[in-house]
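Note that chain A is present in both complexes that follow, paired respectively with chain B and with chain C.
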Partner chain A sequence: MTWNPDSDVVEVARGPEPGGLGGAYRVFGETLRGLKTSFMRVVEGTHTVEYPEEKIPVYPRWRGRHKLHKFEDTGLEKCVGCSLCAAACPADCIRVVAAENTDENRVSGGERYAAVYEINMSRCIFCGYCEIACPFDAITMGSDFELADYNRSDLIFTKEMLLAEPMVRTPLRAEGE
Partner chain B sequence: MPRPEIDQITFTVDGREVEAPAGTMLADAAKLGDVDIPVFCYEPKLGAPVGACRMCLVEIEGIPKLQTACSTPVRDGMVVDTQNPRVKAAQESVVEFLLLNHPLDCPVCDKGGECPLQDISFGWGRGESRFVEPKRHFQKPVELSPLIAIDRERCILCYRCVRFSQEVSEDYQLVLHERGADTFVGTFDGHPYVAPFSGNIMELCPVGALTSQAYRFRARPWDIEQSGSVCTLCPGQCNVSYTVRDDRVVRVLNRQNDDVDDGWLCDRGRFAYQSTYVDERVQGPMVRENGRLVPSSWDRALSTAVDIIDAADGRVGALAGGGSSNEDGWLLRRLMTEVVGSRDFDSRPAGVLSAGLQAALDAPEAQATVADLEWAHAVLVLDTEPVDDMPVLDLRLRKGVRRNGVRLAVATSRPSALDPNAELSVRFAPGAGEAFVCALDAAVGGVGDVAGLAAAAGADREAVEALGRMLREAGEDVVVVWGERLTHAADPEVGANAARALLKASGRLGLLDGRRGAGLLQVPTGMNARGLRELGVLPNVGPGYSEPAQVGRSSREIAVAAAAGEVRALHLLHVDPVASYPDRALWEAGLAAATGVVAHASFLTEGVLEHADVVFPSEAGAEKEGTVTHPDGRLQRLRPAVGKPEGTLPTWQVLSHLITALGGRATALTSMMITSEIAEAVPFYAGITHDEIGGFGIRWQEREASDAFPAGDSGPFSLVAPVAAASPNGALRLGSFRSVWSSPEVAHAPALKFLAPKQRAELNPDDAADRGIRHGQRVTVTADGTSVSATAHLRTASPRGSVFLETGLGDQSASALQSTEATVPSMVTVESA
Partner chain C sequence: MTALVAAPLGAVNYAEPWWAQLIKAFLIFAIGFSLVPLVLLYERKLLGRFQNRPGPNRVGVYGSMQPLADIGKLLFKEQFKPRGAIGWLFVAAPIISMVAALATMPLIPFSNRPQDIFGTPVGLYGLDSEIGLLIFFAFSAIGSYGILLGGWSSVSKYSFLGAMRGAAQLISYEAAQGLALLGVVMTTGSLSLSAIVDQQGDQHVWFLVPQIVGAFIFFVATLAEINRTPFDLLEADSELVGGFMTEYGGGRFALYYVAEYVHLIVAGAMFSTLFLGGWHIPFWQGAPGFIDPFVVLAKTLVVVSVIIWIRATLPRLRYDQLMSFGWKILLPLATLNALVTALFVVAPWS
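Right, the complex of A and B next:
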């Protein structure tokens, strides 16, 4: 529609007037068309994933709950408590307090180890910067994303929790899946 | 040597015209034009540059080879390039060379995050190494001393630590062993590097080779906050920066203030913060119940204290320890004068000086500053041992002598650590300070009976005359650094005579007429002695050195009066007279006889433990808020770096509470309001605020209000014949000293405990031989039936006829042997145990 400066009346195109037989036919017809789509989907089968009974596998690069690692051969912790992850963390949710390894109490490979290692999962934004920052691949992002809890303080994960093998709750997508 | 005049010159760096003082090294001058030249070995605090690391290479027009910016002074019209490809290539290769043997174990390195090597490699390095051969290896980490760990693999051989040890603290312990790539830093024979200033090398090290054992793995730079304050452990009042993690102090760093500390700290100031977190610290109020101190509620402790003071009916004596801030001292003074109505309070451990003499000694015209020590023609260190009494001053004196040719003279009873640097060292008999200053005055003036006075002082006449000559002829800038104990004689007349003699001698040298760069600098016995004095926390001096309407008892008289029952209650503000004042026996008796003792203390030292009826916790240095006054008149501000233990009241609040509870005028609600009260009460502090004091303090002498300083006694001073030192006559004169390591903070800091002193008797080998005593043997030192056992320590430098014992060691202290009525020091016998 173009505007004609000579005329101050603007014509608006309208649909047909509702009501009457024509109207009833249009409503009914559209409904039927909708139902046709619905019934056609019924024969296709269900698409809903019945979470939490059923879970979608996550991709390998998914960034979920962190894991701390140990060396497989020696059983020593890989983390040396350098705090680089804490420096990299944009949410400031990692707290590392380091201590010195002694011959009697050797925890990690280097001179120091993390005496306290805590991640506050309620603040973590799962950006994965900690994983990138770690010079020893001591921390990686796992696949678990089910971290809800009733209590905020329970969301502060300690070193023991992070070192423990997490319960396999989230299926991982296989190669090429 | 007087301060040189420095001209401004103009030079060009990277195309920018920059103005800089002539003679500045390029590395510093470039900063004025916002050009950063990387350096490793260059540190102006260490004196002349050595050009050891080659990191600072720059191109200077007209000079074919690249030059080290750290050791090339700027000249007018110099054109410098720090950016061109040639310089860039040189920088990259220097970084690459430095990293050849560097382990780069940053994740486990304590320097990580605050490491110049990391920063410079990142900023000026090429980012990758072409070196594939194995690196050199050392055992790591090794203990260089119980305080310092050394990791030799990380060392880049910048020489900073070695230069500090050789040229700044002059303890000559650190050296470089071997040559070439095998070079390593260490001490001869691997002895631990234990020295009063050893901790500074950790701050100097530009890599993680020297790290603190106490701070080892405690935190990363992003875990911590720095909080500036002032060290309260000695009159040096060094500016410090507390490193705080999780509301706990974990480290102390220097906060360079050239007018105070020159950027150094002693190890006591650096590590004693640990005593804040020990179980022995008084954590909350305590009251005595069935003879034992037990923790109590604040209400109960406060009401007990109120009852004690109330019951004494005005007969209360109060002592303010040298560690009290101006605010604490002021409130104690108000409590005593306004509420209790007693004038019996003192902040000096002994001695009394009239307001007039005190004002004459502290007059702005007679005041030398710490920085003056560097540029004076001559400095006399009189009756004080800087390294023990005010450690950081020791470094300043050494600097003056080494770098500016200051002529140093030392006049003490005990051999001084500065003797090797001094042109002249004169010894006098312990306790004969008064006679010595009289002799000095005669020698300086070339009048009077120098021989007789020197003999009275137990000093060598020729040495005294040579000293007089030296001071007279050195030039007009003479600074006398004198120990407050010169005026501490038990007989006030003796102390006053010493003060008059000092003033008279200074007058002859022209130190009292306001010449900048010359004057007197006192080394007080208490950290804030000057501040407390200026507030009038003295029995015979009012605020601002005014003459008070009424004169009270001095600390010694308080002890006597308490023992006699005339003073009934005692209020001890941050001081335990039994442990730290002379006349231990007298104070024992005084405290035992008092009906009530109120104490503010951090640790339950012996006198507090046995006699206090109420103990309020004192704040640790890092928890304290308020102001203090440096011996040269600089007001400095204490800022709390960490919170106090849960529920604890600061001392000033306890004192204000006592004032109101006893019916006094309601007082300040914040510590800052007390500072304003002080600024009103002391005329020459007028108008001073925390803001004006700022981070680096301000000397009141430099403010306008200093005109309000009262006129003190002015000469001519007439001297009386001094008390002559007793001749040993078979026995030995007892001298005492307090070592830098003698303080409850050192004794309780886990890292420093190993340094806590044990009693030793310093003797001349000949005296020892006469008594059949060998070095290291146990001996007993006896006076009037009391004895102290000690280890014999033979020093050739120790004068004959005297023996020196430490104070501050409980009943094994020198103060245990000082008899109560003595005006001359005790004579003792020493025999093998």
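Right, the complex of A and C next:
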């Protein structure tokens, strides 16, 4: 039944009237159809991911716990303590205190380095702006999302924690998966 | 001690010592109570499968301790009572409900052959009465008192509504349930449950085939009698909070819950006794006697699974639909079924 714009009468498709013998027959048929539908769910099997034992791999662009990076060849930190990440952070959860590199104590590749680098994970909203703001790719978002803890003070991640290679707790989805 | 031998009961003619009957009474209670957590877990697992999820699987191996955890939680909770509730009725109602449910357990015959246990012949049933079916109906009617009194005595809108719905629903479906069985009773000529099963063995066909209409009506009416979906208007979680058990908590709620699942088991066993040939296995006449109870249990499991299947499928009926279905469809159909069966029973050509 196609709509004819020239016609003044709009036809409406209606289902059969409820009640009566036909209604009872249809109810019976529809009940059997429903029983079949729910039985097919048993045949289909379960879709549950049993979380603590089994984890859904995260995508490469997933924004999880932050990581700070070092140069692979020299072992110097990439972070130069410019505080752009702290400026970009909408939740104001990053604290950077910069200090000068000296010849005896060279920590980063630039002139200055981050003497203190803290991220308060209880405030972080995982927006990823710090990663975008960073001119040296010193901070990136990792894949970990299991960050719950019993104390708020334990959720302030220091520079050492962010620099350390995290335990692989979250499977990462391979390219194209 | 020969003076204390109990008189032969019902269709099976042999005497049983009084202590055997005491042990049997205890056993039926124990088995009935231990079947409840099993069915509880089975229902939750199966219902999960119907929804593409595995069901409870955290407590114990495959969730096997889940019902114990549930029951333990309920028993350790505070048993509160609403202010203004009618005290002794409020306490008595769940007990009435559960006693009435458990009282129907011994009626289920598991075998007609007395088993020789340590030299004593023991019948595999609690009570093989000549009026077994009547006792079954009597106790399911008493069970509805537990629901009515519970809803009424807790002085709450939702409880009261649930109880009133329960009163109407149970009374109207009891009529159809009873009439649906008239065909079976007339064909057998007895109200004894073991005689009904024997008749199905003698005529080599289960009552499900000649009494298909009666079986359908009995099944649907039983769903209503044991408050299962789509007839769970007494509880109606989404509209009446919890119906008649709204104000119950802790152990008293557990009693209602246990009664509900005993009803489910008894309904399955009753249906398999009346329509699925009890302990008879099709095309196998010489089955050994010890197998009989397991056959009955297997058939019960099948019926219980179907009831759970229906719960996973159908939504709750509207109240007026429930009433018109009971009075306008089931009752006339049951009457017609009884009439036609009566014609065939007395017909000169048969």
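Basically, the second predicted complex is superposed on the first by the 141 of 177 C-alpha atoms of A that agree within 3 Å, B and C clash if a C-alpha of one lies under 4 Å from a C-alpha of the other, contacts with A are read in each partner's own complex, and residues count from 1 in each chain.
Definition applied: a contact is a pair of C-beta atoms (placed from the backbone, for glycine too) under 8 Å apart; a residue touches a chain by one contact, two chains touch by 3 or more.
Quantities reported herein were computed from a predicted structural model and do not represent experimental measurements.
A.B. asks: Touching A:Thr37, do we find chain B (first), chain C (second), both, or neither?
C.D. replies: Second partner only.
A.B. asks: Look at A:Ser153 in the shared chain and tell me whether it touches chain B only, chain C only, both, or neither; answer first, second, both or neither.
C.D. replies: neither
A.B. asks: Counting only touches as set out at the top, which of chain B and chain C does A:Ala24 meet: first, second, both, neither?
C.D. replies: second
A.B. asks: Mind working out whether A:Gly45 is in touch with chain B, chain C, both or neither, as first, second, both or neither?
C.D. replies: In the superposition, A:Gly45 touches chain C alone.
A.B. asks: Figure out whether A:Thr102 sits in contact with chain B (first) or chain C (second), or with both, or with neither.
C.D. replies: Neither partner.
A.B. asks: Which partner chains sit in contact with A:Ser7 here, chain B, chain C, both or neither? Use first/second/both/neither.
C.D. replies: Once the two structures are laid over each other on A, A:Ser7 reaches no partner at all.
A.B. asks: Which positions of chain C touch chain A when the two form their complex?
C.D. replies: 48-54, 57, 309-310, 312-314, 329
A.B. asks: Along chain A, where are the residues that touch chain B in the complex?
C.D. replies: These residues of chain A touch chain B: 80-84, 86-87, 96, 98-100, 110-112, 135-136.
A.B. asks: Provide the residue numbers of chain B that touch chain A in the complex, in ascending order.
C.D. replies: Listed in rising order, the residues are 105-108, 112-113, 140-141, 216-218, 220, 222-223.
A.B. asks: Write out the stretch or stretches of chain A touching chain C in their complex.
C.D. replies: 24, 31, 34-35, 37-39, 41-42, 44-48, 50
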